[in-house]
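Chain nomenclature is as follows: A, B, C and D, assigned in order of appearance, with residue numbering initiated at 1 for each chain independently.
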């Protein structure tokens, strides 16, 4: 996925001189995950900015650049350090369009590695999508693989509004896929049905998509049950139509995410399904998520991050409800 | 409610020399809402600290004081400015107990005025409880009137863990009630059934409780329908037992909050009800909340903040579902 | 080299040209054409009268809470007067004088302070950001604008305003540090009015001056008598020229005073003495500038009346404006309306058709910025 | 007083006592008993050998990513040696030397860096905070501890560590400003190792020294040769005494160098030259101190071997520790387990009874702090 993201950045920067990259170690070093590799060499230090170590100013100055008409793509080195700039998102990035009644807007993309399962230390393993999803004016995007990552990043950069773009660390190198050379985009705000089924709907995003798919494959193989799998891709604005449409058909749903369960994104998805498909529901919607605990240390992480076995168990309970 | 909160602070400071107050304008000025009125005169500037204008340091230094064994009560002047210190909540206040496996903990209370309906400017009218509710290790408390505000603040100060304490601006002076002189506490994490009913459950907190009660009264008067009304008091940890128990009885629920609807606290409440009372549900759970828009300006606020009419409409639809 | 002193790269200077009696240090007098002096004076008077009028409007419940500028006119106009229209102005929440100079219609300000977002909309050709309420958070935006101007090769300077209290915020520090590293064309104007609501400067920072904080970021800072419009103008012109030349940022500390309330919800008698206020009233920037123009014979007859008429017309235009259309709240969340907002818009439309009250209740509550009064008055 | 210069209240000094050849400025030599010098040396050697050993352990996949300290031993030990056990030490994530001096068992550090929270638990009587990963966020905690000590009337000084990059964060600024206003007993130790991962100091700040940033907060700052343990010790003792006397905070800038990788996931050849590294290797704090003790005849036979044995035993103890008990993850979220966590604990217990794998997969992935390697090696 790293190469796909790098390709998207390179092509957009070639296409549009207003696109620039800013963050900690994104320049000479090419980013700690190498997503911005070689961009500094190609486009120079004024377009690929090694910033001082200050998240609020990375985002705050990028907002200023965006107000001027540039299209900055920020990198926050890890999503766990983005609370340092959260006020710039909530106070400003999300609000300038409204505040100025359309006179200004903020075409900003903020990329962040997120998620666990990579034996990382505290603040390097968490999933914070919910905090962004609850801020009107922001868009919250999470790709699940190289090809949609590249297409969604392209769309995010071209989008006139601020987009928080989460990249799952476990997918950076693990996830490999053919990515066409010519630019592709994917519309923000649209989920994808990546597996058709009629018995139950499994909803996931990021690295959890693979987990959901594994569970679906086992269900098909061992239980002779066809599960439909939805890849959200955009968390907010949430594509309720696709989700509700699917559950109206299947009557059952399991939601999977890595963030702590309580007050997480799964709650909104569940509530939206209940509102939209109430009469079709055959069983309570289940959420498979991390426990409601702070970072547990990677020695204990494996039992906390949802795996196929947990999704499978939840799906079977739902099916036999 | 201002006097009740002031009483709680004064009595706890008299009782326990480790309790101190810190924030912007909390000292000589007595706080912009007068909640800390006269504490500076009584306890002096070392215990009632007029801090420099920096939220992250107010909370960050308070965490240090709490780690030392003191019990700081911070005031963030408006909840809209607490994103400046959100990283100190999420990175640290919520985690020190876990991080040190119990060697340290953070007995910290952070008071913040929140909520709309007071003709205030941007960042002075929002409701951010959801952001705190999703952080494991924090507690999120919202009183609905003078007496429970006083009792909950007492409990929060005595609680060994960090408590975010939201005070609704519209209740500061509007809401009046007898408050006994001798200290009262209320357990954190417990909701209250403030009105018994069997037909539908209305769930609210803060200033929305009054709105829900009005709707319940109208239902009783005009529709001859008895609604049960639950005052959450603590948002997190959420008292699912009380909520689920009530809806198991009534089979119908409407949740009311001022925060934007999507990915808000109402989603968790709805999802929890669905998980806990699925077979009792007669109708989809409705959420009455603000629209998913940034601050609209107080000239338009009235149509955005939920009122009794909206709750009533939602309740009637639910009842006739 | 055991224990050696490192020579400081910068020194802090204090600049004052016109003292409180209107006496001049002719050597430093900026060469301003009479027309410009008159213009400055016109706006100083307009700003003062408008400020007083707005306080009355607020007391009458005709607008909401706002932050008066009385006493800070010279700090704002002396600095903003050095900008050209294509330069950028980034205000905080107490820049009425700077904003009207930059062409904000008075009625827009009134709209803003009566809760209409329309009041925050700059004109299409206006290079100003709107009022920012979270203290210091606009400073990085100014630095980003300056970076963008430099990146595009545009000849634009950015000037941003904030108070003494703002210097304690992390955003102030991070933004000035970026500006120093990037060497961008930005001028930081700190209106040190001695107070952050009830917190005096000595509780705000132990630094002797705010100006010297610039040295931590590797660029010059200067302290100027902020009630001396000539000194402010001279310092600002120097800083703007430095920025335009490509010689980087400057921090200007305008030593001034908030003669009025913090906001119309504030009661300063709780935290400061009448003596202190009286002492600063003797340093009023307006009387001082008047005395100077008097000596130079540049005072115009009936200026106050013309200014008051100008204000009266704006107030009339403001009060003639139609009530807010609630449905427009969905127009500027995103460039395009997503499905869930389309649905929410439709349900609000339905509520309004069903007769839900669209506007605000007409109770004369007077809300925060600083807020206790909202609820007990 | 038209345009006048304000005399600076402080000056920045640079302190160096022992140069890279081990030559001494006798006038400034701190009067340290031989025993203390030997003790310092012992810990310097231990820190160096442990660091090297930990890198090997990480390469072998026996611990996870960590941040080596090679080259910064003098900065850490010269400062921490000035604290008494009842003083407080607040580290960032690169203070192995300071931490072991403060009594952290080596096996706890190894536990920490292999993903066990048990490794972050200070002893009941230990006045240290655990490793903090978010840059600069621990600095306000140190100021709060100092305020609390002063409030309680305890005779305790707080020392906190951070890097050059940390000085760009808002939390650094806000914390130092509070410390200046509150005049609390805290010593800020900045290990300026020239790099923040790949970002060199000149891209980090345009300030000439980090030491002078203290002036913005109204207290002294001093720059010291951070590879000269005697100079570091002298400066730190001065600062600790100042704090204990009640004369407020000090910022110490230790000019040093990270000789190794940023973390074991980092590849410094991408951003810095072998020449630069070689040049700093000539300034190695250990060789320098060795030369000095040599001259004073204070070197002990077989110290390396004794130190290596000490390390080997700790590693053995570490590897003999039982695997993590997954269920304890619920024990320290709150003082009491709320109902929803009781339920979650029960369901995890059930999963484990049903044979869910408790521990981590034993693949040799090597994760961040700095992270690209986690996934492509």
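As a working rule, contacts are C-beta pairs under 8 Å (C-beta built on N, C-alpha and C of every residue); 3 or more make two chains touch, one makes a residue touch a chain.
None of the values given here were measured: they were computed from a predicted structure.
Novice: Chains touching chain B and chain C alike, please list them.
Specialist: Correct list: A, D.
Novice: Quick one: chain A and chain B, Cα centre-to-centre, how many Å?
Specialist: 30
Novice: Would you kindly tell me how far, in whole Å, the mean C-alpha position of chain D lies from that of chain C?
Specialist: Once rounded, the distance between the two centres reads 43 Å.
Novice: Roughly how far is chain B from chain D, going centre to centre by Cα mean, in whole Å?
Specialist: Each chain's C-alpha centroid was found; their separation is 39 Å.
Novice: Mark out which residues of chain D touch at least two other chains, giving numbers and ranges.
Specialist: Chain D, residues with two or more chain partners: 117, 134, 168-171, 174, 177, 181, 203-205, 333, 340-341.
Novice: Which chain B residues sit where two or more other chains touch them?
Specialist: 51-52, 54, 56-57, 80-81, 84, 87, 91, 98-99, 122-123, 136-137, 238, 262, 292-294, 296
Novice: Looking at which chains touch which, would you call it a line, ring, star, complete or other?
Specialist: Topology of the interface graph: complete, with all chain pairs in contact.
Novice: Which stretch or stretches of chain A touch chain D in the complex?
Specialist: Contact set of chain A toward chain D: 2, 24-25, 27-34, 50-54, 56-57, 78, 80-81, 84, 113, 118-124, 169-170, 172-174, 261-262, 291-294, 296-304, 309-310.
Novice: Can you check the complex and tell me which residues of chain B touch chain A?
Specialist: Touch list, chain B to chain A: 80-81, 83-84, 86-87, 89-91, 94-95, 98-99, 122-123, 130-131, 133-134, 136-137, 236, 238, 259-260, 262-268, 270-272, 274-275, 278, 281, 283-287, 292-296.
Novice: How about chain D: which of its residues touch chain C in the complex?
Specialist: Answer in residue numbers: 1-6, 8-9, 11-17, 25, 27-28, 168-174, 177, 180-181, 183, 203-209, 212-213, 215-219, 223.
Novice: Give the list of chain D residues in touch with chain B in this complex.
Specialist: So the residues of chain D in touch with chain B come to 117-118, 120-124, 129-130, 132, 134, 137, 139-149, 151-152, 170-171, 174-175, 177-178, 181, 331-335, 338-341.
Novice: Which chain D residues qualify as touching chain A in the complex?
Specialist: 64-65, 113-117, 133-135, 165-166, 168-171, 196-199, 203-205, 265, 270-271, 323-324, 326, 329-330, 333, 340-341, 344, 348, 351-352, 356-361, 365-372, 374-376
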